[in-house]
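Letters are used for the chains, namely A, B, C and D, taken in the order the chains are written, and counting of residues starts over at 1 for each.
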C-alpha cells in the first residue's frame, strides 16, 4: 500500500525503516534556481537528531544527508532532488521478544495484521525515525518560504501538567532553541526539564504539546472545500507520529466562545487594506489564509516505549507475557518533534504557494545571471 | 483553483453556491451492485436540512436530491453517480451591504482577495450550505459500510460551557436523534437547548463540539505515513466548516497522560487473537485501524453570522461601518453538523476500505442473481 | 471504479449514460475572471451534436447545456463550474436483443464482466455520447487558451483509403468546417463524402483519422518524465472512443528517418532567440513544448454499430445468434470526432499552462475593473 | 515541476541525471509478501545496460542496483522499496560545446528555457539513461504479474525500412533475446544488424519500432473514460524517450478497415464463456481488457546524438556554429528500448490489477507460513 508521498505540486516521497540500511526521500517539484547545499538541510536534521541531549534517546545517528541529484553548481535544477541518509547505529536485536508479541500501543499489531509481516527492528517503517526524511524535505521548503518572506517556528508549550504561558513569535524565535526542551519560556523550560527527569527516573514517559506559528503568509493560500488550508494542515500534522490532536486558532477553546467574542471586526491597515483588528481566527478564514499569522497546536501522546514491563499477547505461542521494551528511547516527544512540526507546516505552505500560483513551479531565479546554462527567451512566443 | 474533490478511490466532486441555481456532486468510484435510491440519500439530507427546528435557520430548502446517472433498476452500475439538488429559497439581496465590506470572520475577504471576485450571496461557495453535497455522498458511503458491518454515529457533546458526560455507542444510536440539539444525553440536551435560547435572545451565537464513533472497522485501514487513517481523518474533519480542532482517542488530554497510563496492554480475545485490554489509543495504532472502535471529537466555533452590528471596512468607499448580517442563520452549528461529521467519517472509511482491498472497487454484488445484464466469467483467464 | 476525471489542476469530472436522464460535468480549477456564457460552450456542442448532417446518426439531441454554478454576472468565480445536459431522445428499447449477448467489439462484454452489470441502453457509460461532456469542458479550456494567444484546430485527414494532402493551419481554420466531413481540403472532402455514402449503402462503416495542430503554445509546457507533454497528450487522445493510434510529429514515419534527416538544426529568430529551422520534432523536445507548432494525428476505427447482422453469444441462453444493431449510428467517426480531439488537446494544454505557472490558477482578471466584488490587496503582506 | 511519478496505486518515483552521482527510484504500493532480490531486478537492468553489444553506446555502466528498504528476509514488507544505482562512468566534459548552444532535437533548449538552467552533462535529466529507474521498477511489477499468470514481452519489429513479419508470442519469447537487435525473427535480425552497421559507418543513426504483447491479462482492467487501459498505456508508452507514435490492435491501419472487417464476432470458449473469434480489437474493448492478448507497437525516432556536425545557435555568443556531439551513443534505440517498453507495460498493468481489486494492495502472501512476523487475524472483526 502506498501513502508515502506528501504534497500535490511539491511532492515528497520517502523510504526507509528504523533499522534498515538507509532512509531517503525524493523531492519532486522544487523550482529551479534555488541555492541549496547539504548544510542547509543538515542544520534541521541536527535539531531532530537522537542523542542530542539527556532527554533524547542515546542512539548514535549522525543523520548525515547526501544529495544524489537535482543540484548543479549549488543551485536546484528543477529536477527531482534525491536525498539519502545512511543508518549507522541499527541494533534490532533488542526487539526480538516482540516479533510475535506486539508492544503496547505501537504499530506492531496493526502492521503485522495489515501486511502479514513487518520489519520488527525498532518499529521498522512505523518508527518516528522515518521523520528524518520529513525534516530533510522540510528544510528545502523552509528555504523557499524564507525567500518569500514567510517565517515559521514551533516550540514546546506543554509537557504533562506544565503549560507555558503565551509567548510572542519573537520570543519563540529567540528562546526556543536555548534549552533541551525547546520551550521558548525559559522558566517553564526548567520546570519541564525537572518533570521529565522525574518520569525518566520512574521508568515512565509523558505527553506534551507543540505550538507553531507562521508569519508573512500571503492572503489566498488554501483550496476550499476539501483542500482548505486548515484541512491540509490537519492532514499534515495528524501524520506526525504520536499526534492525537490538531488545533488552529482558538482550537478546542472555540467551543466556549460566543460569536460576538470570536468574530474579528475589520479595520484598515496602513496601506488602506481591510485588516482584522484581532486574530482569533488563527490566520485562516473560509479555509483560506487571511494574511494574519497562522498559529495552532499539536498534542503528542507519551512515548509508548518505556523501560517498564507491560503485558503482551504472543500470537505464536498463544501465551501472555510481561515484557519490557529495551531499546533506546525518548522520555518525551515534543522536544524532537519541534523540527518535525515545522517541516510539515513548511511543506504544506510551500505546496499551496505553488498551487495558488504565488510561486513559479519551474524557476525561482535566485541563480546569478552569469550562470552558464541560463536562458531567458525574449521572443513573444515564449511569454 | 480546485480543491473540490474528496477521496482517492471513492471520489466525491462537488459544485454549487449558497444562493446559486443548484448544488450537486458526482460520486465516482462507487462499486456496482449496491441497492440505492434517492430515499436512502434523502434521509440524511433531512437531518442536515435548514428549518428543521427552532435552533436552525428558517431558510426553506426541501433539499430534494435527484439522481442523474449511475443507477439502473435500483442498483449502482459502477459508473459515476450524478446528484443534483436545486436551491429553492435563495434570497441574496440581504447580503448587499457586504459586497465590498467583509463580514467579520467569514470567507468574504479571503475569497475576494484570492479570486479577485466572489459570489457574495450568503457566502457563495464558502457557505456551509455546500455540505449538503457531502451529506448526500456520505449517505452512499454509509450504505456500503453498513453492508460490511461498519456502523458509525455522531452526537453533540458540548455547547458552550455545557458538556455531556460520556455516553455509550448504544446510547448515541438510541438517543442522539431524539432532540433538536442531537445530544445523546437527554438531560444535557435540555440544558443545551436552554443555553442556546439564551444566546439567541441575546442576538449572539455559541460554539460547541461533536463526538463521533465508528464500530466494526476492520484491522488494517490507513496508509502510513502521510495517508495514515488519523491524517486523512484530520483532513476530512478539518474541512468541515467552522472546525477549529480535531481530536481522536484521548485528544488534547493525551498531553497529561504518562506512557504507563496510556499504553494499552495486550490480551487475547475469544478467537485467540491479540486484543488491547483498553482503547485509549482510539482505534488507531501506527496510523492503521486496530479493530477497536474509532472515536474522536470535532470542535466547531460559534456561527459568525449574528444579528448584532459589528464593524467592517469597505474597500470600495474606504470607510468603516457598523453592519448587521441579516440573512437567516443558525445560533449554533453542531446540531446540523452531526450528519456532516458522519459523512466525512464515512467517506474516509469507505475510501480506505477500497484502498486496502477490503472492498472490491468494481462490484459488491448485492444485486439479485437473476439481474439480466449480470455476467460472471467462469473461465480461468478471467480470475 | 473511478477514471471519470481528467486533468490535475484543471479538473474535469463527468457523469452520464447514453440513454440516462442527463449528462454532466464539473470543471474544477478554472481561474476566476473569465467571461463565460452557455453560448460559448454551445457552439462546440453543436459541432459534435448528432443529426447535424446526412453522415451522422439521426438521434435528435439538442444538447443544450445549462450552467449550474461557478459563474456570476457572466464571469467565472474560481469555484467549480457545474454543467448539465439533458438527454431528450433516449430510446433504449432497440438494444434489448443485446442485454445478455454482447455486440461485436463494443464494451458490452467488458463492462458486464467488470461490473457484473451494465447500463445496456446504447452502450450506457461506454457510449461516445459521453464525449458531450468533454466538448463542453474543452470549450472553456479553449477560451482560456485563446486569451493566451494559443490557437488550436483539427480536421479529418483520412477516411478509409482516401487521404488528404498536407494542408496549412490557415487552411484548416478556413475550410475544415465548410463540409460535413470536416476535411480542410475541399476536393478530398467530396471524395470522402462519396466513399462514406458507398459504405452506408452497403450497410457498413469505415475508419479514418484526424489531424490536429496547436499554434502559439509557449516554450516549457510538459513535465518529464512521466507527465511529458507527449505522454499526457497520449493519454488524452487514447481516451477518445475508438482511437487505436496516437502520433505526433513524424509519428510512425519516424521509424524510417535517419538522425541527420530528422534532427532540426538551430538558427536564430528575429528576436535573436534560438529557433529550429524545421519542425520535424512536432513542437515537443525532451517532452517539453519547444514553441513550435504542436501537431499530430489520431486514428479512429470504424464504428462498431452497423446495420448488418453479426454473430454474438448469449451468456443467458448459451446460444449463438445472428443479430443486427438497430439504433441510430454514424457510418464514420472522424467528422464528429474533430471537436472531441480539439477538446482533449485544449484540456491537456490548459492543464499544463496552470502546472507550469504560465496561468494564474486563481484569477485571470478578464473582468472589468469596476466589478464590485473585486478586491486587489495592495499591502505587501499580500504579494 | 514534478512529473517524476508513475502509477496511482503502484507508485514509482524516480530521481537522477545522466552524469550525476546516482540514479534511484522508490516503489511505493508494492504488496507485502513478494519474494524479491536485487538479482531479480539486475536481470532486466542488464538487458538495458549500455555497452552490451556493438550497436550500443560504449559507456561502461554496471548499473548495479542496491535495495535500501522495503525488503526483509527476501520478501517485500509492503513498505516503500528504495532503489539506488550509482553512476560510474560519467564524463560530462564532452558536452561543453553545447552548454549554451542546444544540440539538434534534444531537450537542451526546452529544459534551459523552462527551468532557466539545466544539468548539461549528457542531457542530464532528459537523458534516456533515466529509464534505468523504470526498468528497475518494472522488474518488480513483472514479478507480481508473473504470479498472476500474466506474461509480457516485446521485440524489435522494425529498423528503418526493414520490417519483421508477424511472429507468434511463443517466437518472441524464444528468439527476441538471441540477437543484439532483439528482433524475434532471426533472418530479419541479421538484415537489421547490417543496416544499422551501414548507418553507423555513415556517421548517422536510424529509427525503428517495438512490438509488445501481454497474455493472461484478466477481463476488467481499465477505468474508462479518462483512465481507460488504452489511455494509460498511451501515457506510459509516449513517456518513453524518442517515442513518436503509440498503436494498439490494428493501430493506424484501422483507418482503412470497415466495421464488418474489424468487428470481432462472438463465440463460446470451452468454459462456455463468450469469447471473440478474432482479436482485431487488440485485447481492449470499451477501454477495458477483454481477456484476449493485448498487443501494440511503439515507434522510436532515430537517436539525435550523431557523430556528424550540425548547426546550432549559441545564445551566449549569439553566433551560429557547426558542432558534433562527441559523447558515446547508440546508432539505434529499439534494441535497448525493449526492456523499457516491457517495464512501462508491466507498470501499467500491475497498477490496474491493484485499481481493479484483482490484487490485494497490502499482501500477496507468497511468504512461507512459518515466517515469524506473520499474523493472520482469525477474528471476524478483522475480515
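What we mean here is this: contacts are C-beta pairs under 8 Å (C-beta built on N, C-alpha and C of every residue); 3 or more make two chains touch, one makes a residue touch a chain.
Predicted model only: the values in this text are computed from it and were never measured.
Novice: Which chains are in contact with both subunit B and subunit C?
Specialist: Touching subunit B and subunit C alike, sorted by label: A, D.
Novice: Which pair wins on C-beta contacts, A-D or A-C?
Specialist: A-D
Novice: Report the inter-chain centroid distance for subunit A and subunit B in whole angstrom, where each centroid is the mean of the CA atoms.
Specialist: Computed from C-alpha means, the inter-chain centre distance equals 27 Å.
Novice: Counting only Cα atoms for the centres, state how far subunit A is from subunit C in Å.
Specialist: Whole-Å distance between the two chain centres: 43.
Novice: Would you mind pulling out the distance in Å between where the CA atoms of subunit A average out and where those of subunit D do?
Specialist: 36
Novice: Which subunit C residues reach two or more other chains?
Specialist: Each of 1-5, 9, 14, 109, 113-114, 125, 219-220, 272-273, 275, 291, 315, 355-356, 361-362, 377, 382 in subunit C touches at least two other chains.
Novice: Quick check on the complex: what are the subunit B residues that touch subunit D?
Specialist: Within the complex, subunit B touches subunit D at residues 9, 216, 218-220, 269, 271-273, 275, 291, 354-357, 359-362, 377-383.
Novice: Please give the residue numbers of subunit D that touch subunit A in the complex, ascending.
Specialist: Answer in residue numbers: 1-5, 9-11, 13-17, 20-24, 26, 28-29, 31-33, 68-70, 72, 75, 77-82, 84, 99-100, 109, 112-120, 124-125, 315-316, 361-363, 365, 367, 371-377, 382.
Novice: Which positions of subunit D touch subunit C when the two form their complex?
Specialist: Contact set of subunit D toward subunit C: 1-6, 14, 101-102, 104-111, 113-114, 123, 125-126, 130, 158-161, 199, 204-209, 219-220, 222-228, 230-239, 243-252, 254-268, 272-277, 280-282, 285-291, 299-306, 308, 310-313, 315, 318, 320, 355-356.
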